[in-house]
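Both complexes shown next keep subunit A, but they swap its partner, so subunit B is in the first and subunit C is in the second.
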Partner chain A sequence: MRASLALAWVTLKEGLRERAFLGIMIFAFLLLLASGAIADLSIGNVIKVTQDLGLATVSFTVLLLAFFMGTHLMAKDLDKRSIYMVLSKPIGRSHYIFGKYGGLTALVGLSTLLVSLFMLVTTFYFYKTTRLYTPPHVAWFKLMVASGFIFLEASLILAVSLFFSSFTSSALLALFLTLAVYIVGQSTHQVMEFVQGPLGKRTSPVVKALAKVAYYVFPDLSLLDLKTAAVHDLPMPPGDLLKAFLYTLIYISFLLIAASLIFKRREMK
Partner chain B sequence: MRKATLTFHPPSLILVSLLLLLAPVIHMLHIHTTPIKSQTLSPLPRKEVAQISAMEFRPLLSDYYLVLVAQLYGGMKARLGKEEVMWMARALDLAASLDPYYTEPYYFAGNVIPWYGAVDTVIPILKRGIEYKKGDWRIPFYLGFIYFYFKKDPVKGAKYLSMATQNPHAPSYLPLLVARLYSEKGHYSAAIAYLEGLYRSTQDPKLKETIGKRLSALIIMDRLEKLGMEYKKRYGTFPRTPRDLVEAGLLNRVPRDPYGGRFFFKKDGTVWTTSSLRERKRPKAKGKKEKKKERSTGQ
Partner chain C sequence: MEQPAIEIEDLTKHYKKGVKKKIVALEGLNLEIHQGEIFGFVGPNGAGKSTTIKLMMGLLFPTRGRAAIMGTEAHLPRARREVGYLPENPSFYDHLTGEEFLLFAGSLVGMKGKELKERTQELLDLVGLAHARKMGIRKYSKGMMQRLGIAQALIGNPRLIVMDEPMSGLDPLGRAEMVRLILGLKEQGKTVFFSSHILHDVETICDRVGILVKGRLTYLGSPSQLAESPWWVLRLEGNHQEILRKAGFPRVVLMGHLTQVEVPPQDLWEALERIRTLGLTLYSLERKRLSLEDIFVKEVKSEG
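Now for the complex of A and B:
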């Protein structure tokens, strides 16, 4: 446990020192600053557009970090042979996986916190300064909940990237595989809706079966997308939120256990 | 002291001369190429494709399509043809299906598009809006008016108008407005009553201006139509232009069309305008060739 925590701390520091981290954060802040001007191009409720842009920036930034840091930091350890130094110490391989995941999650969590705070500040600024006939209602708490679920999604993506990194030595391959899981995970719910709806009558049984398999095997990331609900102040039943949270937690645990089992059997060249 | 010498490096020389040769070509192409974007409307994806490929960024894509519509409407008001109106209706449908809780695509679809045609494209969009935005009285109100006025289907119109009045969020003046819609017998009276209500409830200044302009045109046309009836009673025929009304002493002066056209009477006594209630096209700036031709022919 202590070894995993120490490794997590080192990973967090290493991640914070990465230039990519700084670049992604600067990009996020600039985008948030520009959100008011971009929203002004629209008509009517421009604060809704500001909120959409804000939450999309949080999501995009945090996911970008999860994709790149998740695959890059482990591949760097393997590439620079620093993994041997770590594994030569009395640290189990599963501790390495859990420690790495802990550090990366902390890095992503910290970024989510920073970008979300900035998103809330900019939204508040535009909310106060934009002149609309009737000031729109902004569900501040729900915006925070939506940001929290973006962090959960990124944590799941991190677990997926570590899972793929546990058996591939190429960071690029791990990145593409993680990206594929993300795309499938984002679309399965919608595809299932189409397949079960009127469009399903024209769909072949093979495609239907494939969609069903993908729906049950890949993580359903649409469960963690609360952006629309937060922006339109739609109800967020606590029971559903708890179920989505537990679903993610179990999925992450499954992936990390699988990753450490594979990593234990991996031959280091 | 070392003497400075000039050395010739053939590959670099070839590259420099190639660059010098290319520079005027690039400049010529830059000057004479019209941006493709301004020539054509960007193709729109199918709803299902957009919904799947936008993933968790659906609301953002919805905002994007609404911005495109707003920009096209703002920039091309004068040149809005059938193609542009259909494109706007499809883009609004996309925006509404990507974020079905977003109010503005429904408002724009209900307020603006039917006046330019594409009524049938707007109806399913507004029906979807009623499904998702249950607390919004405006969407059934727009749909009711579309059935009532554009589709000439008072039964369906009444269904949606009563749905709007029964909405707990409906303003207090709405039942009166709907009652006026039913009672008005004139050609334009129902539209005037509707637009008056719309003008009061619209917040967006750009849309308010558009509605206000249309409203003032319709008020003039409605008055002209009523005076035309009076003229027919006196002379047995409908007038041909508002000038006939002035000459008959029914009108002080010929009214001005806010859209820049001229009002005229159709054979059945209804009033229409040469502007078709659309912004007048600005004449294109004459090119050098045309000016030269004019000068040479002495025009």
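Now for the complex of A and C:
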């Protein structure tokens, strides 16, 4: 446990000192600053557009970090062989996986917190300074919940990237595979709804079976997308939120256990 | 009987190349390293030295056979409680400082608090990096990295230190420092196992050496045993190459102002008699000593 914590701490430090991290964060802050100006150009409700852009920026930044750091930091360890120094100590390989995941999650969590806070500050600023015919409405708490679920989604993506990194040394391959899972995970729910709906009656049983397999194997990321509900102040039933939270937790646990089992047998050539 | 520091039995490692081909990295290695000795593992590039070390450290898994560290199977994490490992060309988390890395390495071996801080400081002083403890590792020179690697290997005060090519890339001064450090470890009663291709250092500091060629151990013994040769070396003042060759001496070379003749032990008296008859003056007579380099080259050549 202590070894995993030490590794998590070092991973967090490494991540924070990466130039890419700094670059992505600066980009996010600039994008959030510009969101008011961009929203001004829109015809609709400026505040709603600001929130939309703000949440999109949080999501984009945090996912970008998850994709990049998740695949890059472990591949770097393997490529530069700094992993030898760690695995030659009296720790199990699973400690390495859990420690690395802990550090990366802390890094992504910290960036979610910073970018979300900045998003709330900019939204508040535009909320106070923009003059509209109809008084704007902002569901502050739901915005925070949506940000929290973006973090959950990024945590899941991190687990996926670590899973792939546990058997491939190529950061690029791990990145592509993670990206593929993300794309499939975004659409499995819709595909499943389609094949089970009235339009799906004409779909072949093979395609239906494949859609079902994909739905159960790949993570259902649509469960974690609360951006629209937050911006439009739609209901967020606590039961659904809890279900999505537990689903993500279980999925992450499975991925990390699988990654540990694979990594345990991996040879460090 | 004392537990061996390292016990290797029939250790074999094959790598698959394609579907049918396999590469033999190590074949049936049997080796026992005693506690408190300095053992040098020599061999050309690709002989299987690093593979052996990685198998001992649980970084690779054997195709056949076993390795045990202080009585514990090498693949188990607890086997590494008693070992400090310095990989070849060590690489670190280069965004950390030297001190941060040592604190991290210490926490991996279960150290904490004051004990860890003190040990870190002690090791930084020992390896001469106290002045650079707050410096980012990416700014470290090759020699500094090697020294930091040694420090992290020693952090848990292990009884066995395994080093893969610790002298590689070091300048003569750095090598001398490394030799001093290894000898210091032996004085503390620690066992040191290291691989090297710098034969002079191995010859100087090792209690025993093993020569590995193409994955097979071709020699195991003390460097002095290895260097012993039954041949005699006779040195004569002046250049007498022609005369001596004509007199039937096959091994004659000119070394500065001396002519050197090598003779097998059974011919020694006859050779001395012939030299006396030729009217030549004997400068010195001594037993020939082979350098580890000579033997190494011989072993490599004989393995084809």
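Simple rule for what comes next: the second predicted complex is superposed on the first by the 266 of 269 C-alpha atoms of A that agree within 3 Å, B and C clash if a C-alpha of one lies under 4 Å from a C-alpha of the other, contacts with A are read in each partner's own complex, and residues count from 1 in each chain.
The rule is short, and it goes like this: a residue touches a chain if its C-beta (ideal position, glycine included) is under 8 Å from a C-beta of that chain, and two chains touch if they have at least 3 such contacts.
These numbers come from a predicted model, not from an experiment.
**Q** Judging by the criteria at the top, classify the pair subunit B and subunit C on subunit A as clash or fit.
**A** Because the two structures are overlaid on the shared chain, the partners are seen to fit without clashing.
**Q** Just to be sure I read the superposition right, which of the two partners does A:13 touch: subunit B = first, subunit C = second, or both, or neither?
**A** second
**Q** Could you look at A:235 and tell me whether it touches subunit B, subunit C, both or neither (first, second, both, neither)?
**A** A:235: touches no partner chain.
**Q** Scan A:2 for contacts with subunit B and subunit C and give back first, second, both or neither.
**A** second
**Q** According to the stated criteria, A:190 is in contact with first (subunit B), second (subunit C), both, or neither; which is it?
**A** Touch partner of A:190: subunit B, not subunit C.
**Q** Once the structures are superposed on A, label A:85 by its partner contacts, choosing first (subunit B), second (subunit C), both or neither.
**A** Only subunit C; A:85 stays clear of subunit B.
**Q** A:198 in the overlay: touching subunit B, subunit C, both, or neither? Say first, second, both or neither.
**A** Neither partner.
**Q** Aligned on chain A, what is the least Cα gap between subunit B and subunit C? Give it in whole Å.
**A** Closest C-alpha pair between subunit B and subunit C: 34 Å.
**Q** Enumerate the contact residues on subunit C facing subunit A in the complex.
**A** Interface residues on the subunit C side: 54, 57-61, 77-81, 83, 85, 87, 89-93, 95-96, 100, 104-105, 107-110, 112, 149, 152, 156.
**Q** Using the touch definition up top, name the residues of subunit B that touch subunit A in the complex.
**A** 48, 51-52, 55-60, 62-63, 66-67, 70-71, 99, 101-104, 107-108, 203-204, 206-207
**Q** Report the residues of subunit A in contact with subunit C in the complex, numbered from low to high.
**A** Result: residues 2-3, 5-7, 9-10, 13-14, 17-18, 80-82, 84-92, 265, 267-269 of subunit A touch subunit C.
**Q** Per the contact definition, I'd like the list of subunit A residues that touch subunit B in the complex.
**A** 39, 41-45, 48-49, 52-53, 56, 59-60, 132-134, 183, 186-187, 190-191, 194, 199, 221-222, 225, 227-228, 231-232, 234
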